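Encoded as structure tokens, the structure appears first; notes follow it.
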Amino acid sequence: MIKIINGEVYDPLNKIAGEIREIWVEGGKIINPPTKPRTPVEVIDAAGMLVMPGGVDIHSHIAGSKVNAGRVMRPEVHGWGEGRSLYTAEETGHLYARMGYTTVMEAAVAPLKARHTHEELNHIPVLDKGCYTLMGNNHLVLDCVRRKDLNTLKNVVAWLLSASRGMALKVVNAGGVENWKRGGNVRSLDDSVVEWGVTPREIITMLVEANEALGLPHSVHLHCHNLGLPGNYRSTLETLQALEGRRVHLTHLQFYSYGGKGQADFCSRAQEVAEEVNAQPLVTVDVGQVIFGDVTTMTADAPAQYGLYRITGNRWISTDVNMESGAGIVPLAFRPRSPVNSIQWAVGLELFLLIEDPWRVFLTTDHPNAGPFTMYPQVIKLLMDRDYREEMMGSLHPKTFKRTTLAEIRREYTLSEIAVITRAGPARALGLKDKGHLGVGADADIAIYRKGNDWEEVFSRAAYVLKAGELVIKDGEMVRGTWGKTFRVDTPRDPRVEKVVKDKYQRWGTVSFDNYGVEDAYLPREEVIRCR
Amino acid sequence: MRVMNKIELTLKEETTIPLEAEVISPDLLAGLRHQEICRLPVYLGRHKARLGDLFSIKGERSSQIYVQGNLSRVKKMGWGMSTGRLCIAGNGGMHLGAGMTGGEIVVDGNTGDWLGAQMQGGLIRIRGSAGNLVGAAYRGNHTGMNRGLIVIEGNAGNMIGEHMRRGVIVVHGDVGDFPGAMMRGGTLVLAGPVGEGPGAGMHRGTIVVLGPCRILPSFKYAAAYKPVFLLLLYRWLKGQGVEIPGDKVEAEYRRYCGDLAETGKGEILLWHEAN
Amino acid sequence: MRVNNVVCMFCGALCDDLELVVEGDRITEVRKGCAIGKKKFLHYQEPVLSPMVDGKVVDLEEAIQVAVDILSSSRYPLIYGLSSTTCEGQVAAVRLAKAIGANIDSTSSVCHGPSTIAKQIVGVSTATLGEVKNRADLVIFWGCNPAASHPRHFNRYSVLPKGQFIPGGREGRRVVVVDVRPTPTARIADTFLQVTPGGDYEALSTLRALLKKIPPDREEVAGIPLARWEELAEACKAARYGILFFGMGLTMSRGRYMNVVAALSLVRDLNAFTRFGAIAMRGHGNVTGSEQALAWTTGYPFAVNFSRGTPRYSPGEFTAVDLLARGEVDAVLVIASDPAAHFPAAAVRHLEQVPVIALDPHPTVTTSVAKVVIPCAVSGISAAGTAYRMDGVPLRAKKVISVAYPSDAEILASISEGVKQ
Amino acid sequence: MQVNGVEIVDTFAEAFPMRGARVLVTALSRKWALEAARAATGFATSVIACGCEAGIEEETGDTPDGRPGVNMLFFAVSREELEKQLLQRIGQCIMTAPTTACFNNLEASQHIRVGGKLRYFGDGYQGSKLLGDRRFWRIPVMEGEFLLEDSFGVQKAVGGGNILILAETLEVALEAAEKAVVAMKQVKGIILPFPGGIVRSGSKVGSRYRFLPASTNTAYCPTLRGRVESELPPGVNAVLEIVVDGLELEAVKEAMRVGLLAACLPGVKSISAGNYGGSLGPYHLHLRELLG
């Protein structure tokens, strides 16, 4: 039994903002203060410290085939020294934990390679995790969309989530990756997907309908088309309008809020995008904040990555995954002296600051795409400390401030708002009821930070981190290795869907249908979220 | 206190287990007293040891370092050095002078792979032969040697100057396959016979070939001429103590452009009598 | 009892549709597998080895203890092999390597290590084998011979199957084979180009120049008339979806990783015209998995050294063949491979001089020179676990029968425990 | 004060700061190095209308490529102007001349980029080479390659050193000036920018025309004696001037000194120097002190 005393507690879900509260922990959960403790009480004195729920990352690339392919391709960035952007499974767990993060979602998994993702997730210490199943280019999905068969689609989604042991439904460049396998892409919601006669609009809207009909805890996690292209704010707005106010999560929105036609007139349209998000109360987003330095871009949006390779001439990995998906990896450097890069940096901050409801905008860097997750504390400082923000703006390309509104924004985040965008908000959006807060019954994932003047320092190394009630980090150092659990959803489905699926896999797949789904052996510590 | 003008290190016992001794570098030793030098950490296989355990050491506080013994298993000497002089009486191991930015390394014998890898300045002179990947980039990097001069009086292995960006490498003896592979710039002077595929995948840079060699099909013959640049280069080399035989100085060279599978901005200058 | 959909871990094609008939602890029948797979399932199902130290039979605990002693007193140990074990075994090997500050390397260093180095220079455009089946209308086999090494490859993935967008199957594809000799694979080719030994780099680089419309000034490249290379370059550009399978004919011949750099660059360049991918024809059952497991545990794919605590990567320096040939290591733990049979003479000589611990289910040349022999269960027969197909698709290999000996993973965990004490 | 019976006027030459560069041109033969050098330093007598003042300093065998070479000095009023002039002159006169190469031959803390800009003539086919700390460009041309150093050292220099030879006759004045030129050319680090080193049309600051900033030096024009306030002693019927620019003040002084001594021939009445009353330049080179 552990008692945390004297700390300033920030628990936005329970409307606690900086009050000194006691928190009691037993059996991995937060409990009511006992009248008479049955077991010895370990006391953590958090005087002069901030007590928050453990951090929850809604979108990061930490495990699986493309993360590993990135590691293999770039031996130069995970040695020692500057510019690290890729970590081993073990480092991933430790580095997240020392920042007080305890739950992280791997954001893209092709079902065919889901076994790989789970195998790696099992080697990440401390963290609870889950993964999102890619469906926007899946042939089973495209087939249902073509036939406008929502009922089968629901069952297919449920089956894919089960087979891949996924946590949520992910869509990446719906239809675009399928077209890429013929050398193309999609540029608008109404472009045609070759051979299928469907459009991205139909794929996205039907998948959102299916997701909601199934009552999945998280909304569709949507990576739109035209990633990173000038002028793409139009397709972002178009996508939001097409969904007519339904629940959806737009991921790394920063990469979709650009104006202009090319490099020369590249500019921010974060204001328009933020307004649309503000107007649609069921929409949540994460930002994908750019961090200056060396990164490794990796996404299932394979055609976008080919474009990036053509621009940079850097190494390029592309993998087509049959019937399901693709992936691309390209190393990249974000430079403060580059006008485009510094505008991208500013766009991310604009979104944070212009989207009014912190419960709907979450802190991510789309690790390791826009920056490594280890830089979250710097982003927190940028949001909380306007002087620091302006100091950093001073080092950027001067064009940045003519083409963004960042310089005019005075808002600073409060600690409560930071607690929302880094834990309470993502947990709520994921439907993780026991995460992101410190109410009785919540998982005892608790981050305790020593107060200080420099917010980056404060959030870089937690003074204490409890994971499932166990002390894992003390003064920023690992004191105990633990293994977290894997979340997955389970939703009822018509058993007849298996026949449909099996038939397709036997014809067009290359592994036996029985060997396709991820076995229970790969989820030794799972928590199943049951729907309906 | 008597200040000696050099530090002498003698390997006590030859080792088959690799010894990693990046501390043998003028930058570090120049400021240290004898006792401190003896206590510097080295790694013998998986065990940490002290420099004094493996070497008998004379002298202190000097940037002139003399190392003796068969050091072919001693890796990383002169790693990143920026100043001073490191003389090796014998063979040197892998990664010698890798990443160095200045100063001079002289080796009487042979050295291992990765000599002067990612070097950024200074001079390395090898009386014997060197291994593979001289002046190359470490895996995953796209910039190898980026300034400085490496002179090898004996032979050199495969892939010398791989991903080289700037600087000059001169090899008097034979070289192995793919010298100047994926070069981004800089100059290789190969005085002896050359293995397969010189300049494979090169983007820019110059490979001067004085011995026999086969040119890849993705290089195209341009012209026979007397490049003024070579006169300049050879004279500059002479100033660094590197002699190129007179018949190759005032001579005609055949220029091949390549690698045309890449940008085609590189060149091989082949001495007209070489083939 | 029948067991269906069994994964065959004997080659990188990882066929997963085998049907076994198991009677008690014996496999009595194998259906659907190729001849090699069938033979191996029947032949290797039980270890014929006993735990041995210095040629004398001992009990398992003693063999493990001697292994622990050797590794504990070693100053520069090497852990090598990994390609025929499961990822669980590979991860356990990495844990041991970390615990004892060892070098760890896989058979990649004598097969597709150069391919990985090339990936680190160029990247790679690739695809799963299902894309080959469903889309590839041009299939090139370069320096590989799946007809002999991956007997069901043609059937399941690359040549014969009817694909989603290749309804005609074999008729819908053009098959090109490039090799230095007319292999059995060449016999099924529509076009066979017999290149001169050592001519691969020239040929690939010529194709790249041809894509840029810069024909070389010669009539023949690598022993083939230029016109035929021109024809191949045009065919590549005209394909809807092309695939280049490459094997040890590229990676282990003169030029090594430069050959693969040229191949991967060619494939990358072709994406300016059409879609094109490359797939390394990985040989051993889970050699792909060794690259994966090492990458997520150490960050590096092979040739990793832990002698200073943190993992370091340097092919040529920490690769098994080189460590042995230079005579640097003083103890070797071999898992699921047979270096004494396959390594160059200089490396084998050193292997014979240092204490070798061999984990293997069956006798090999290596077990015959080993000081300590520890028999283990056979991955994919008597031990379950993950294996990665040559295209990176992971599958779960089954345990279909029980044997007396533990899996590689369990033995390695015991040794790790031992050295920690 | 007199030298060989020639009066040395107690006055001073008023020199002013310029920016100078030393450029070395080499070629296959002496002939082509000289051709190129002459062209590059042509039409460079006065910054008033030529943009720069330039001349051949010396021929040399000590060149980076071992071929015959010619050192040239270039002087302009600012670094920017010097850069413009070098770009034009090297581009038009040296790059164009067969077999030449062109090197910086002045160690200095400041540099101007010449090769770094002229390289674009190579239309993307140029290549750069770094040897030690020096960067060179190889620009493909029809006869092979033009090798050109990336940047050239620039230092503060001195322009406008001069002597005026006041003689009884034009013949004497010319002979004295020619002798002075021969002597002065032995000094390193200077050039005499005018044709043959000699200028007859000395100038003063200003004119009666608004558009003209300089005009003929009326005080020294013998034909105007009587119409203007003349500086010419009686018996002087011809005046010639030698202008000297140098990289260092000392070299200018030395050149003036040897020139002055060599010019003291019979028939020369006096040696003077041009100045503007001390208001234009910071360097006052007193003739008598030079001999001092």
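Should a chain be cited, it is by its letter among A, B, C and D, assigned in written order, with residues numbered from 1 in that chain.
In this section, a residue touches a chain if its C-beta (ideal position, glycine included) is under 8 Å from a C-beta of that chain, and two chains touch if they have at least 3 such contacts.
Just so it is clear, the structure is predicted and the values come from calculations on it, not from any experiment.
**Student:** Which chain lies at the heart of the structure, taking centres as C-alpha averages?
**Tutor:** B
**Student:** Skim through the chains and flag the pair connected by the most C-beta pairs in contact.
**Tutor:** So the chains sharing the most C-beta contacts are A-C.
**Student:** Need the most distant chain from chain D, centre defined as the mean of C-alpha atoms.
**Tutor:** Greatest centre separation from chain D goes to chain C.
**Student:** Would you kindly tell me how far, in whole Å, the mean C-alpha position of chain D lies from that of chain C?
**Tutor:** 75
**Student:** Using mean CA coordinates as chain centres, what's the chain B-chain D distance in Å?
**Tutor:** A distance of 46 Å separates the two centres.
**Student:** Between chain A and chain D, tell me the centre distance in angstrom, where each centre is the average of that chain's C-alpha atoms.
**Tutor:** 71
**Student:** Between chain B and chain C, tell me the centre distance in angstrom, where each centre is the average of that chain's C-alpha atoms.
**Tutor:** 34
**Student:** At which residue positions does chain C touch at least two other chains?
**Tutor:** Only 120-121, 313 qualify.
**Student:** Enumerate the residues of chain A that touch no fewer than two other chains.
**Tutor:** Residue numbers touching two or more other chains: 73-75.
**Student:** Could you say which residues in chain D touch two or more other chains, in rising order?
**Tutor:** Not one residue of chain D touches more than one other chain, so the list is empty.
**Student:** Among the chains present, which pairs are found to touch?
**Tutor:** A-B, A-C, B-C, B-D
**Student:** For a test of understanding, state which residues of chain D touch chain B in their complex under the given definition.
**Tutor:** Those residues of chain D that touch chain B are 26, 64-67, 99, 101, 125, 127-132, 136, 138, 144-145, 147.
**Student:** Which part of chain C faces chain A closely enough to touch in the complex?
**Tutor:** 4-5, 7, 16-17, 87, 91, 116, 119-131, 133-135, 156-157, 163-165, 240-241, 268, 271, 274-275, 277, 291-292, 295-301, 310, 312-313, 384, 386, 388, 392-396
**Student:** Per the contact definition, I'd like the list of chain B residues that touch chain C in the complex.
**Tutor:** Its residues touching chain C are 16-18, 20, 43-47, 73, 94, 113-114, 132-133, 138-140, 159, 177-178, 181-182, 196-197, 200-201, 216-218, 220-221, 259-261, 264.
**Student:** Can you check the complex and tell me which residues of chain B touch chain A?
**Tutor:** 138-141
**Student:** State the interface residues of chain A toward chain B in the complex, per the touch definition above.
**Tutor:** 73-77
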